[in-house]
Amino acid sequence: MSEEKVLKIGILKNGTIGTSLLLPFLIDERAESKRVTFREVTSGPKMHPPEQCIETIKKLIEFNPDLILMASPNAALMGPKMARELIGDIPTIIISDSPAKKAIDEFKEKNLGYIIVECDSMIGARRPFLDPIEMSLFNANLLKVLSITGVFNIVVNELNRVIIEFLEGKKPELPQIEINSKKASDAAHFSNPYAQAKAIAAFELATQVSKLTGKACFVLNEKDEYMPLLAAAHEMMKTAADLCQTAREIEKSNDKVMRTPHKSSQELLIKRSLYEKEQ
Amino acid sequence: MSEEKVLKIGILKNGTIGTSLLLPFLIDERAESKRVTFREVTSGPKMHPPEQCIETIKKLIEFNPDLILMASPNAALMGPKMARELIGDIPTIIISDSPAKKAIDEFKEKNLGYIIVECDSMIGARRPFLDPIEMSLFNANLLKVLSITGVFNIVVNELNRVIIEFLEGKKPELPQIEINSKKASDAAHFSNPYAQAKAIAAFELATQVSKLTGKACFVLNEKDEYMPLLAAAHEMMKTAADLCQTAREIEKSNDKVMRTPHKSSQELLIKRSLYEKEQ
Amino acid sequence: MSEEKVLKIGILKNGTIGTSLLLPFLIDERAESKRVTFREVTSGPKMHPPEQCIETIKKLIEFNPDLILMASPNAALMGPKMARELIGDIPTIIISDSPAKKAIDEFKEKNLGYIIVECDSMIGARRPFLDPIEMSLFNANLLKVLSITGVFNIVVNELNRVIIEFLEGKKPELPQIEINSKKASDAAHFSNPYAQAKAIAAFELATQVSKLTGKACFVLNEKDEYMPLLAAAHEMMKTAADLCQTAREIEKSNDKVMRTPHKSSQELLIKRSLYEKEQ
Amino acid sequence: MSEEKVLKIGILKNGTIGTSLLLPFLIDERAESKRVTFREVTSGPKMHPPEQCIETIKKLIEFNPDLILMASPNAALMGPKMARELIGDIPTIIISDSPAKKAIDEFKEKNLGYIIVECDSMIGARRPFLDPIEMSLFNANLLKVLSITGVFNIVVNELNRVIIEFLEGKKPELPQIEINSKKASDAAHFSNPYAQAKAIAAFELATQVSKLTGKACFVLNEKDEYMPLLAAAHEMMKTAADLCQTAREIEKSNDKVMRTPHKSSQELLIKRSLYEKEQ
Amino acid sequence: MSEEKVLKIGILKNGTIGTSLLLPFLIDERAESKRVTFREVTSGPKMHPPEQCIETIKKLIEFNPDLILMASPNAALMGPKMARELIGDIPTIIISDSPAKKAIDEFKEKNLGYIIVECDSMIGARRPFLDPIEMSLFNANLLKVLSITGVFNIVVNELNRVIIEFLEGKKPELPQIEINSKKASDAAHFSNPYAQAKAIAAFELATQVSKLTGKACFVLNEKDEYMPLLAAAHEMMKTAADLCQTAREIEKSNDKVMRTPHKSSQELLIKRSLYEKEQ
Amino acid sequence: MSEEKVLKIGILKNGTIGTSLLLPFLIDERAESKRVTFREVTSGPKMHPPEQCIETIKKLIEFNPDLILMASPNAALMGPKMARELIGDIPTIIISDSPAKKAIDEFKEKNLGYIIVECDSMIGARRPFLDPIEMSLFNANLLKVLSITGVFNIVVNELNRVIIEFLEGKKPELPQIEINSKKASDAAHFSNPYAQAKAIAAFELATQVSKLTGKACFVLNEKDEYMPLLAAAHEMMKTAADLCQTAREIEKSNDKVMRTPHKSSQELLIKRSLYEKEQ
C-alpha cells in the first residue's frame, strides 16, 4: 500500500450509543497511526429536530472526509435519515442499535455500510431515575459489555479492513452486519469456553435491557410502574458488565488475553501471552 | 431567566480524557434540555501536530458558540495552547488532567476557566499492551471512578452554574478548580461514611495510576520492565472502579443514592430515595 | 374453621420443573401442619409415553385426595393432558412452565386452577453438556431464583388460600395465574427498592434461559453450535441466582427479611426483623 | 446385557433430605434412559406417625418395583423402620443422613444397602426462623454442596453400578457406604487440588451445620438463644455452597470440569474439556 | 485511681497463637497509654525443650512485672508448665488454645487466670505445605477471625478490667474463661443480627480447622492423605476470615461499627457512628 | 556447614510494623529448625521515651545473641538510635519502614544491615478511629500484603542467606535493601503475569496508605477532616489485601503456588505444584 496516503475519516454523532463513544480510538488506540486522521462533528445528546443532524453533517462534509462513519441511536429516525441525504457519494457506514433494523432496506438501496449492535441497549431515560451519574455508569457498564463480548472486535476488524482497502487503493466493501451474540463471541476468540459462555450470557442480558427500558420509557406512565423496570434494566447492564469482567479475568488467569493492537501503518497485530511479542 | 434564550455550547476535544468522554451528556443527560444546544468538533485521538487542534477549533468557532469547553490531555502542550490563541473573547473552560497544572498561570492570565481532574490518569499506551479492547476497558473503569468519586458531580455543578448564569444574562464566573479526592468526595454527598471512604480510596488509587503509566511510557525502554507496570496500572484503575461500585452498592442498600437530574429548563433537582420525587 | 378436618393433598409429578421440586414443603415447611397431609406419586424424569402420566395419576387417585396438584413441564403435552382426563371432579391445580400457556383455554374450560411460572426455564438437556451434576446445579440455581424473586411467595399464598378455603368448608377459588416478574417481585415485598430491582432483573434473566436452551435442544444440530448456547444458558441461571442472593443479602443487611412461616393450623404468619415475633 | 430388560425402580420418600431431592434425575438426568423407569411415592414432609411411611411403602409396592430406594431423614426412626418391615425380599437401598448410623447394624442384618451422607445436615426448623423461602434456600445451597463436593458422584456411581448389575442379570451388590469428605472429594475427581481443598472444606462446613441446628431445635428453648444458632447454621450452608461454586469455577477456568452423562443404555460416559466428546 | 501508678505488664510468649500475636497492642493500640508499660520476652517458634520456656520466663521476671501474661499453644505441655513453676506470687494469666483445657484444674489450683480461645486453631505445620508465606497468610486470616468474631473484645475487656483493678489498688479478679462462639459474638455487640450470624458461623468454622490440622499433623503419615486436609484446613480459615469481613462490611454499611478505643488513662470508651464522639 | 553450630538470634522490637510481627516465624515457620534459636525482647507499643528501647536492648544483649534483628517503625527516631549505640560489635540488621530512610547514612557508616519496606505503612492512629479491633484488622490486611507481594520472600531470602553464611563460618554480608514493588514482586516469582500485576498494584496501594495516615495524624487537627482520610487509608489497606488474595487465588487455580519451606538444617526448599515434592 502507498505509504504516503493518509485517510481522512469523518465521524458524525447525533445522540449517543455505546458503540460510538470511543469510535476513533478503536481505530487508533494509542494516537500513533500514520495512515488515518479523524474529524468528528457531533450535536451532543440531541438528534431532534432533524436540523441537529443536518447542521452537523454539513459541517463535517466541509472537512472533505474520504469515509464517513455516522453513529446515532435508531438510525431509522428522521434526523439521521435526512443527514444521509446529504452525504453525496462519500462512502459511509451507519453505526446504530436495534431499532435501526427498520432502515436496513434503505441502507442497502443506498449502498451504505451498516453495523447494528443488538446489545447496545437504550438507557433508562426518565427524569426520576436518570441523572448525569446514573447515565455515566450505564455507559461505563455498556462499554465493558461491548469490549469483552466481542462487539468491538467486530467493529475494529470491519472498519480496519475497509480502511486498509482504501489505503491500498481498492474500492472497499462496506460492512453490512447485524451483531448478535454468536458473531460477537466468535470474534472475541476466547481461549476458555466458559469465558465465552459468560460473554454470550452477558450479551443476551444486555440485549434484553432495551425491552425493559423501552416499556418504561414509552409504554408505562405511572412512576410506580416504570421505576422498578428502570432500576432493573440498569441492574441488568451492571450484571452483564460484571459477568464480562469475570470472563476476562478467566482469560487473564490463563495468560490468554487476546490483544490486537494496531501498527502505526494500521495493520492489526495479535498476541495472547502478556510477554509475547505482538505479530 | 429568559425562557427564550438557548445557549449554544461548543465543545472541542483533541485526544481524550475520561472527563471529556460524556461531556455534553453530563449537562443534558436525557436529551430533554430546552435551554442548551451542543456542537462538538474533535480530532479524535490526535493532538499532535498542533494543526489537529487548530483546524478543529476553527471549525468549532464557525458554529458561533456562546461558551467553549476545551478538553484534552495535558492542556499545557503546544496543540491546545495554540487552539487557545484562537478563541478570541468567547468564554472558555479548559478541561484537562494533572499535567495541565503547568499551564494554570496562563489560564488565569487569559481569564479562562479550568477544571483539572487529578484522578483522570493517563492510559498505558504502549503497543504490546494497549489494543482497542484494553483501551476501552480502561475508559470504562475510569468512567466509573469519575462518576462515583464525585468528580462528575463537581463538573456538573460548575458547568451548570455557569450555564444558568449565562441564561440569566449574568456574566458567568468561570470555574478555576483542581479536583482532588476531598473536593470530589464532598461533592458526591455520600450518605454512608464508609462509602465515602471507599470513594476517597478509589480516587487516590486512580490518581496514582499515572505515576506508573508515566514511568512505563516515558522512562522505561525494556519491555520486561514496562509491561508489569502497565498491567499493574490498569489493575489499579479496575480496582478503583470496583471499589467505587461497592461504595454505590452501599448507598443503594440504604436507598440513599443521591440523584441530581436536570430539569428541561436546566436547573438541577435532587432526590435520595428511589421512589421520592426529585425537587 | 373446623379443627378436626385434615385436608389430603395429592401431588402428581411427571418430569420436573423448579416450582414442583419442593412443592409439599412450601405448604408445610417444618412438618408441623395439623391440617394437611400429602400423598405424592411421580414417574421421575419421564412424561412420555403418556402411560407414565396415566399410571401415576391412577395410583394417586387411589389415595382419595381432596385436592390435586399436577406438576410437569409443558402441561400442554399429551401425557399431562391424558392425566387430566382422569381426575374426575377432584379440584385440581396445574403447575407448569411457559409452554403450558398453549393449554390455558383447556384449563379454563375444565375449571382447573393453574400456576404458570415464566422464569421456570428449561434445562440444557443435551448429552455432551448435561450430566447429573450439571443437572443438579441448574436446579439449585433455579430454586434460588424461584425463592427470592417472589415466585414461591405467590405459590405459597395461592395454595394456602385454597387450602384454608377448603378447611373452612368453602368452595375454593382455584388460582389461574401466569407469574411474571412484576407479580413475583410484588409478592416478595422487598423492603429495599434496589433489592427488588435485582430480583426483577434475575427473573427476566432466568426467563430468557429457555430461549437459549430451546434453540440449543430443538433447533441446532451441530455440537459446535449448541454447546456455547447451553453453557451460556446455564451461566445465565447461575448469574440470576447470584443476583438473587445479593438481593437477599441487602434485605439481611437491613434486618428486613420478610418471613412468612405457617402456623400448625396453616395460617401464614409474618415478620421482618429477625428477633421480632411472627404474627 | 439384555437390551429388552427395563428396570423398574421404586422410590419411597418420607420427609426430605438433600440427597433425595433429585434422586431419579441423578439416574436419568435427561429423561432419555431406555433401561430404567421410576415410580415414586412420598408422604411429603411427614414421617410421623409411622402410618405416613407405612401407607406410602404399601402403595409403592403395588407398582412391583425391582429395586427400592428408601429416602428419609434419620432412617433409625420408627416410621422408616416400620416401612422396612414391609419390603419383603425386594432389594432395597436406604438413603439417609448421619442419625441413621444408629440403624446400620439393622441394615446389615437385613442385607439392605445404605448410603449415609454426613454433610446432608438438618435444616433449622423452628417457626420464628424457617418459612417456605428460607426452607427452599437452604435446600438450594445444600444441593450445591452435594453436587460439587462429590456426594452425588458417589450416589450416581453406586446406584448406576447396581442398576447395571441388575440389567446384566447379576445379583447386585448393594452399596453400604457412609459418605465423608474424603470419599466424596475423591469421587469428584477434581483436576485442581485447591478446588478439591475448597470442596473438602465445604463438606466439613456443611457437616457441622447439624451440630448447630440440632442444638437449636432440640436443646435450647429460649428464642434469644436458638435464633442466632439457626441463622449461623444457614449462613454456614450458604458459605459452603458459595465455596463449592468457587471450586467449580476453578475447574471451569481450566476447562477441566468432569462430566459423566448417562447413555440411554445407562452406562456412564466421561469427558473433561467442554468441546471434547464424552466417552 | 492513683494517677501516678504505672502498671508494668510482663508478657511471655513461647511458640505462637493468634491471640498472642498483638497482645500488648490490644491494651495500648495507639501507644498512648500513660498507665501501663510492657516488657515482653519470647523464645520465638520454639516451646521445646522446656528450657526455651524456662530461660525466657526467668529473663522476664528480671523486669519485675506487676502482672504476667503467658501465651503459648497448648499450655498443658511441659515447657509452659515448668515456666508456671517459676512465677512465684506474681499474678499471672495464661492465654492459650483448646488443648490447654487439659490444664484447667492446675490453673485453678494455682489461682492463675486463663483465657482459652476455642477458634484459635493449630496451623497446618507440615513441610510440603507450610512455608513462611502460607504461615503468614494463615495468621492474617486467623487475626481477622479473632478480631471480628468478638474474641479480641473479650480479651480486651477482661485484661482491661484486671488492669484497672490493679491501678485502683484493688486485688484483681483474674479471668477464668473459655471463649466459645456465643460468648465471643455477644461481646462483639453486633448491630445487625445477620452480621452476628456470620461471625458465629466463622467462629465455628475456624474452630473446626484444628480437627483437620490435628489429624493431618499427628495421625496421617502419607503425603497424599494429609495434604488435602491441610489445604482444606487453610481454606477453612480463609473462608472464616472472608465471612468475618462480610460481617464487618454489613456493620459499616449501616454506620454501626462498634469502636472501643482506650483513653490514655486506660478506660475503654465506646462509639458506633463513625463521626460520633467516643464516650 | 558444621552441623553442631546453633545460631542464637536476638530480636528487639520497639513499637510494631507489619514486617516484624512474625519475624522469627519467617525463619522457622514450623518450629523444626535445628540450627537457629531465638530470644526476643520487646517494649510492646512504646518506643518513647528512649528508655523503652535502651532497657530492652540491654536485656536482649544479656542473652548473648550471635545476630541481632532490630525492628521498629521509623528507625531514625531517638529510641532506636540510642539502642543502636549499645549493640557493640554484634552483627545487626535494622528492619523498619520508609521514614527510616533518613537514617540510611548512619546505618552504612556503622556497617549495619537494613531492610526498609516501603509498603509497610503507618496505621491510622487517632482515638476516634483506632480501637483494638481496627488496629488488629489493619495488621491482618498488612500481613496479607507483605506475604503475597513478595516482601516476605525478600526478608526470608536475605535473613536466611545471612544465617547460612553464619552457620558456614563465613563473615556474613548483611543486607542493605529498600524493598519497592518491583523487587518484591520479582522475589514472589509469580507464575501468572496478571497475578504479578495485581501484586504490584497492591504494593503501590499499600505504600500510599501512609501518605493519608501521615496527613491525618500529623497535619490535620479537625476530626471532620482527618476521619475521612483515616477511614479511606484503612480501606486502601483492605483493598490491597483483597487484591493480593485474588493474585494468590490465580496461582492456586493454576496449581502454581510457589512454596519455599525451610529444611530443619535451614536451607530453603522450593516447590510449585501442591503434590510435588519440595526440593
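The first chain written gets the first letter, and so on, giving A, B, C, D, E and F; residue counts start at 1 in each chain.
Keep in mind that, in the parts below, a residue touches a chain if its C-beta (ideal position, glycine included) is under 8 Å from a C-beta of that chain, and two chains touch if they have at least 3 such contacts.
Since the structure is predicted, the reported quantities are computational estimates derived from the model, not experimental observations.
Shared contact partners of subunit D and subunit F comprise A, E. At the interface between subunit C and subunit D, over half of the residue numbers appear on both sides, which makes the contact a same-residue one. Note: Cα superposition of subunit B onto subunit D, rotation of 180 degrees, nearest 5. In terms of C-beta pairs in contact, A-C outnumbers the other of A-C and B-C. Subunit A and subunit E have CA centres that are 57 Å apart. Centroids built from CA atoms put subunit E at 50 Å from subunit B.
Distance between subunit D and subunit E, defined via averaged C-alpha coordinates, is recorded as 41 Å. Counting only residues that touch two or more partner chains, subunit E has 193-194, 227, 231, 253-254, 274-275.
Those chain pairs judged to touch are A-B, A-C, A-D, A-F, B-C, B-E, B-F, C-D, C-E, D-E, D-F, E-F.
The part of subunit A that touches subunit D in the complex is made up of residues 192-195, 250, 253-254. Residues 181-182, 185, 193-194, 196-198, 200-201, 204-205, 208, 211-212, 227-229, 231-236, 239, 243 of subunit B touch subunit F in their complex. Contact residues of subunit B toward subunit A in the complex are 9, 11, 13, 15-16, 21-22, 24-33, 37-48, 52, 55-56, 59, 62-63, 125-137, 139-141, 143-144, 146-148, 152-153, 156, 223-224, 227, 231, 238, 241, 245, 248, 259-263, 269, 271, 274-275, 277-278. The residues of subunit B lying in touch with subunit C in their complex are 252-255, 273-275.
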